[in-house]
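Labels run A, B, C and D following the written order; every chain starts at residue 1.
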């Protein structure tokens, strides 16, 4: 007699706003130095993204790398029409090491899109972003959103050497003006940056500033923002376990009326108000 | 027809799979329909608003993780105004996990969360008891008895005692909790552990030490589940390193009536619905009709009774 | 020139790498020259001839193993007639691990193995004490004190106390062992655990439960090593899940003066000589001249002192 | 200033009788059913073997299989001239599953040769072996040793079906007479085997018997051996951790004067006296 299995959850895996599933790797090549670009064939439910959001990636275990937790990665590029998702990452440890070993055609498990993206308010016209190193991965998709919103964007791209400057062509293709600065050329220091940004403000004004990652740049932009009353946003990083808001491991501190509060980078962030963010 | 129904004393769950406290919240509804679960278990709440521990709060160790989150809590009022109403939307019974630093405060909180919409109270007695030397209530039978008696007097709801593995007296503590009126045991919380970044020579956790969870915990939690199931008559809920259908079955065979899934949800957020489906399929193929046919079915006849209470291995 | 010399009280070892008891024997000389090791540590011996536990005596768990060997022993006479002479061929100091079921028998054996050719005695007080309730001596400070005082009186050789992780009183036990005259602590033995074959529903070990060893033990043993090093003045020898150079360094930073390598030798029988070479290379590249520059160098200033004695994590 | 690293163990990894190291896979193909043959390019120090010895194999960890301990495997064939080592194995779990996924050219870490091989006493001329299933892997190299010792060998090869009978050609190439028996044909039962063996003894006599693995065959051969005073040997299996004699996990019980003793399969075995071995 054929018995019937009761499947109590059939239908439970219905699509929530966050998808979990496999995506196939189209390419995964070195960009420059330790930086790699992973291009994925992703299902439509993963491609309803905003600039600033991220995916939580299950990096595979192998002989040489044995990551356990997922790894958060900003969306470097999403293209629903092409069904493409891209991550730009720096190989630093177990997780990114494991990612770097994946060959074309391999599949990788993604969870996302997660978190809140950057805001472009309707009345903002002139935007500035300051990105350093892998911070480009997080800020790059802002260029497209800025263009779609009809804004002009200036991108200050900072790196150790000229060879490590990435994505300049991509920014320019999106109509952004790129100002490359490097440690080698001595153009990437805080005071040099201040001059450039103050120059911009003097010339034509700035409506908003965006950055991510660096403490030094955060402090600089907070200072400039406060002086000139220019709002801004910063994308923050923190160790993550769940990526969904459940475990409370990814908190950072923020200044609010009433005192300092903790917020979860994965849920309330990763994008936060520039002035509220605190250095670390 | 496989029947996944699970009895935990007065409570009947539609299946034996539920989340472990602190690894679950309403946020997971973004990924699947939470009504498929056997129960919902909240993050441990405290009466006061608490900030939690310094970051980093998690780190990896070989194939598992450490955490030292520190029970950040938005407090009792937030629980009543926001969290409790949220879960009212579900049919699945809600288990509220609570904790406090002293037995009387613990009992008062227990009484205050005895509310409509709460199906059971899980008391996290694995947290430090600051009236004594800071060791968790559940590290010793005496302190377990003291706090559990007060908790029992404070509520008529089913009371689940969550034990700690950081003790040499698992069986005595389990029996003390039962004697003081616990309706079920949750076995167990995380095991105190540590990791150091050899490059910076700093502890990998901001709070120096933290709790080990994930696959490394499984053989330890399974042993405790077995010890508890053998020595008490109330149901035992297994917890520690569960991530695959075989793990669920292994805990049921060892004597668990249900299981909680923690860290595995971080690695695979849909693991709980997968385990529910997978368990039904497993039972179907193995010709097992009811969960109760598995519970405690370990074939331990050949292993001497004496070793059940053995405390050292090699 | 990197100096791997390690001081353990009166004893000086040429390097801090030695085998863990029960995972080493003269048989390993088939694979490499045992004189490269910092010390040799025998399998625990007992006075009587003992058969050991039923098979299966080992099983795998996720990324680690369980064992319940049960201290089979050919007895004291065989040790004197055969094992001891064998090690006379080596320069490396010999540490003899011993055990007994009661404190007086333990002390008599300790006295009887105080022999020329023995450099130190490791007392495996993690084994069951059958005079009490069968819990290991090292589960409680009181029973630790009792047995260690008798052992101390029985020998003038350096006395190493091997602790168990199956206790909630690691620090108290460590301090009791020191107060009773231990010259060093070995931290630690295996943690009681269990595994069940879901197909047969039988325990995977013939003896029902067994000790967890290997990578899963590392964060637990590291935490205990740190706790002990912070709370006693005698040297601590770290043991548990060590298999890579970074593991050795992590234990030294946590406060261990030397380490024992157990299960890793089963996976890679040449791991100990590799660790010795690897450690020298690591120190060279990191610009560390002496082992003592690493020992206890953990940068724990930021983490509050209070949490050292914390006993529950989340 | 260039510092010198003191290498305290330089030279410590000198060759003991047991080698540990990598061997390259030449092929790793299905023989029949779940049985696979792995052919390895092995260094000379691993090829000084005896029939009945084994290697302890480090099976690699991957996505699907995560074995932890090494796995013991009998030497199916060793050829110092060709630099070849072969294992015949049945895919049953994590370890053998992991082995089965290894591609040609991959390397695998071996420890061995380990244990004591079979004995062929000088005065033995007529040998019989009874092998079933994967037991063939253990007994097959006896054929070559028998030929080199100038003995005649009869090999009773048993399997569930004819399709699962392996190595018959190899045995015949070594001059052995092969008697295939199968469950399908009803020729593999204990009583059928007894008849065949008793027949041999009646015809020309038997000097020694060899087997491995099966409890049923052990009991049969012990009975026949005792009746006719024919010595024999059996290769036993047991869970192993170290494979070298250190951990005492691999013991089996043996009858000796004075009582029952435990011996380590990895060190005192895997080959033991037929009459002393106890069923399990």
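Basically, a contact is a pair of C-beta atoms (placed from the backbone, for glycine too) under 8 Å apart; a residue touches a chain by one contact, two chains touch by 3 or more.
Computed from a predicted structure; not experimentally measured.
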**Asked** What is the distance, in whole Å, between the centres of chain A and chain B, each centre taken as the mean of its C-alpha atoms?
**Response** 35
**Asked** With chain centres defined as C-alpha means, what is the inter-centre distance between chain B and chain C in Å?
**Response** 32
**Item:** chain B and chain D: spacing of chain centres that average the CA atoms, whole Å
**Value:** 47
**Message:** Centroid from C-alpha atoms only, then distance chain A to chain D, rounded to Å. What do you get?
**Reply:** 57
**Asked** Residue numbers in chain A touching 2 or more other chains?
**Response** none
**Prompt:** Which chain C residues reach two or more other chains?
**Reply:** 22, 61-64, 67, 69
**Prompt:** Looking only at which chains touch which, which shape fits best: line, ring, star, complete or other?
**Reply:** ring
**Request:** For this structure, give each pair of chains that are touching.
**Result:** A-B, A-D, B-C, C-D
**Residue numbers on chain C that touch chain D, as the complex places them** = 1-4, 14-15, 22-25, 27-33, 35-36, 43, 51-52, 55-65, 67, 69, 72, 214, 263, 265-270, 273, 276-277, 280-281, 284
**Asked** Can you list the residues on chain A that touch chain B in the complex?
**Response** 3-14, 16-18, 20, 58, 66-70, 94, 109, 111, 238-252, 262, 267
**Message:** Please output the residues of chain B touching chain C within their complex, sorted ascending.
**Reply:** 22, 44, 54, 61-64, 66-71, 126-128, 133-136, 139-140, 164, 166-169, 189-196, 198, 200-203, 206-212, 215-216, 218-220, 222-223, 226, 241, 246, 249-250, 253-254, 297-300, 302-304, 306-314
**Asked** Inside the complex, what are the residues of chain A that reach chain D?
**Response** 60-63
